[in-house]
Amino acid sequence: MAKKRSVLVVGAGDATGGAIARRFAREGLAAVVTRRELPSLEPLLSQIRADGGEAHGFGSDARVEEEVVALFETIERDIAPLEAVIFNIGANVNFPIRETTSRVYRKVWEMAAFAGFLAGREAAKVMVPRRRGTIIFTGATASIRGASGFSAFSGAKFALRSLAQSMARELGPEGVHVAHTIIDGAIDTEWIAKNFPQRYALKEQGGILNPEHIADAYWMLHAQPRDAWTHELDLRPWMEKMA
Amino acid sequence: MAKKRSVLVVGAGDATGGAIARRFAREGLAAVVTRRELPSLEPLLSQIRADGGEAHGFGSDARVEEEVVALFETIERDIAPLEAVIFNIGANVNFPIRETTSRVYRKVWEMAAFAGFLAGREAAKVMVPRRRGTIIFTGATASIRGASGFSAFSGAKFALRSLAQSMARELGPEGVHVAHTIIDGAIDTEWIAKNFPQRYALKEQGGILNPEHIADAYWMLHAQPRDAWTHELDLRPWMEKMA
Amino acid sequence: MAKKRSVLVVGAGDATGGAIARRFAREGLAAVVTRRELPSLEPLLSQIRADGGEAHGFGSDARVEEEVVALFETIERDIAPLEAVIFNIGANVNFPIRETTSRVYRKVWEMAAFAGFLAGREAAKVMVPRRRGTIIFTGATASIRGASGFSAFSGAKFALRSLAQSMARELGPEGVHVAHTIIDGAIDTEWIAKNFPQRYALKEQGGILNPEHIADAYWMLHAQPRDAWTHELDLRPWMEKMA
Amino acid sequence: MAKKRSVLVVGAGDATGGAIARRFAREGLAAVVTRRELPSLEPLLSQIRADGGEAHGFGSDARVEEEVVALFETIERDIAPLEAVIFNIGANVNFPIRETTSRVYRKVWEMAAFAGFLAGREAAKVMVPRRRGTIIFTGATASIRGASGFSAFSGAKFALRSLAQSMARELGPEGVHVAHTIIDGAIDTEWIAKNFPQRYALKEQGGILNPEHIADAYWMLHAQPRDAWTHELDLRPWMEKMA
């Protein structure tokens, strides 16, 4: 019998993170999901268990080093060796540069870049000695293009992309697969449904990204044989204007 | 019963093109493969048929407009509607700029870019009215970086990449999926085995790309639901230095 | 007294090429300008001479290898050693992919990429042995982005950019400076005045590129000391949307 | 008589920042230079004054918002309107990912990205209402490529580049010129002389960047007429391998 393995999804609060956790759990990995408030993870945990999967939730602030270090220790010790770590925290805000407060600029970086560094580094620590594992960072259009009004969000997303590149160049030859995605379009979430009803109306014709399909792409990345690894993968609806 | 559909692989002479054709045939598409000399396609055709697939070979010069136009007409009329077109012709040469002849520069462009334009345009003609279909162009490291000695090869590959971008931006909203791959590393071929034995020795540990795995990636691109399309996909062995 | 040196501007028919030739002539180089029809160069030649400069015009088809080779021989033998070569031929066309003829696709490439290869290669031949000289290729937004409808133009411009990169990597260490510009906006020409009157009306407030200012940038590139060379330079009006 | 104007160089402690300050002072701007410890600025201030320029030094921590805000107020009130702001703080460190402490990762970002945001935002506040001014951010190879071991440095540099893009897209149409440089090579500094003597030995043949030439390029960017602005400028020695 194959040894049990686990996946950690940091930032499993949204539709995408949840779909990824469910997808990997369906493949037999113990799914560990985190967000700041544990109770809000309950529906996801129940869903995974109802599907026959193993799920563990942790309330954990991804920006706090001690919490992240402790989380990895707990998973490795009490659950199963980490086979995949998905960093999925976004922090999309839009302000003209003169109205961007230092608090916002710093906080967005802490959530979307610094927390990614912490998760990525801890993942490297457990995966490199085993010479196996997958680390995926979720990016966006803002990862490759600094648009007007996005100095904070894009700054964090560019930093996260450079982290993925730097880690891929260092860890690839160590047998650890580091990938970065570019989600270029609206995702099917309640937030989009409420705030962008016209965009949401395109759902029927495939105009917004289905989180399940994003999750399929993440699993595909994880399942790639090591002679043919993808480092960067873009995903967008067919009708989306390419950045 | 689902209507029969076909895939065309232009430049099926090498290991990659052959693997792609076999992969798509295995999924039930009638595989149409071309290269300049028909007889050399026989082993591939036999293999696909032995696997229970449908295969058609054509000796066709991908740089000659009339032959390409006729090929598409024949396929659509006599075989099945084209569901996917894969352009897979490379032409890797390396000369210092002062020793690059105009004949080489032009020929490489005709094979790797002009022929891609012809195939892409004809594919668009049949796919757009049906609002479905996938067009994939095979790229390489040289598609994104003009290295010393590669003015001819890289010139053609950059041009092919711009074709893919231009077509994706025009045809995506028409329902046609246009993708571009970046194969960044040596592929498991007889040519590599013979000319780069040290590199080939890395095969056992996944140091060179397995054509079957490239083919899996192409099928994945074709199978993507249209709310989550990838435009550009890189593939490289884990130990390969990222470009 | 410094030895006389020359500059060649291939494609000096338009406002930009003319301004570059005048600028370099003002700095003391013998200006050699070409376009297909010699008579149309007369106003430019007169202008340079009236400014006290030396000017030579040649009717020469930049796509015909023998003509290009002969041109370089003539300049080096009869005028002065080439210190700078500027390739400035564009060929902006816009067609939906399905309406792009192979004749257009090929012709645009021949004008904007193949001709650039010929000029660049011949420039390398005379400059490398002297370990000095500057080669500048004129690019555009289409050099870095394949927009809808620009498969032909962008294909040629991408190819030209890869040529510049490939040559820079090979020839930089040989002491030859290879640069590529990205002109991102409308240039002040009669053609723009006639066809885009609204855009032209922005001229007074700096909304369209002044060819004299482009020429200044080209001279700056040429004059850079070799410890601080620029390979790629973008230029756009302040009010232009960045690509 | 033209109204007095000023330039602020944030991070004028190194050879490059000093050369930029001297260059702009030579053009008649009052040079304001900062670094954390005021006394270390004395030689630079004396040099500018000896050249007949106006110079002001401030000990100021570029990462502390109140200090930056106060600095801009002081300059605008007591010295002269800011015509140019140059952000020139680097923080090059290299650690394997598993040995990169959160303290280093955060500190490098604060110095090279967050401080750039503060300076850029304050510059925007004074320049936009006047619809004039230049803001230049100093980048490096690490700004466009996340190399192995550079997760911290590259993360900050990517973020700074996205800031430059975001601000350029927002402020260009407001009449403010935002540019980003990519310094791709060693600069002639005491630090390089001491730590990389072999590299330093290439100085005589132009193998390392002369800060004076970098300063010329910054002045050129500032002096560009607004119909022909450059957003991104790379600079490297002729013998440097292009990134």
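Just so it is clear, A, B, C and D label the chains in written order, and each chain counts residues from 1 on its own.
The rule is simple: contacts are C-beta pairs under 8 Å (C-beta built on N, C-alpha and C of every residue); 3 or more make two chains touch, one makes a residue touch a chain.
Note that the structure is predicted; figures quoted are calculated from it, not measured.
Colleague: Determine the shortest chain-contact distance, in steps, between subunit A and subunit C.
Modeller: The least step count works out to 2.
Colleague: Using the touch definition from the top, list the chains contacting both subunit A and subunit B.
Modeller: Under the touch definition, subunit A and subunit B have no mutual neighbours whatsoever.
Colleague: Taking each chain's centre as the mean of its CA atoms, how far is subunit C from subunit D in angstrom?
Modeller: Centre separation, subunit C to subunit D: 31 Å.
Colleague: Need the CA-centroid distance for the pair subunit B / subunit D, whole Å please.
Modeller: 46
Colleague: For subunit A, jot down the residues that touch at least 2 other chains.
Modeller: 165, 168-169
Colleague: Mind listing each pair of touching chains for me?
Modeller: A-B, A-D, B-C, C-D
Colleague: If you look only at subunit B, which of its residues touch subunit A in the complex?
Modeller: Checking each residue of subunit B against subunit A gives 165, 168-169, 172-173, 175, 177, 206-210, 213-214, 216-217, 220, 224-242.
Colleague: Could you list, by residue number, the parts of subunit A that touch subunit D in their complex?
Modeller: Residues 65, 96-98, 100, 102, 105-106, 109, 113-114, 117-118, 120-121, 124-125, 128, 142, 145-151, 154-171 of subunit A touch subunit D in their complex.
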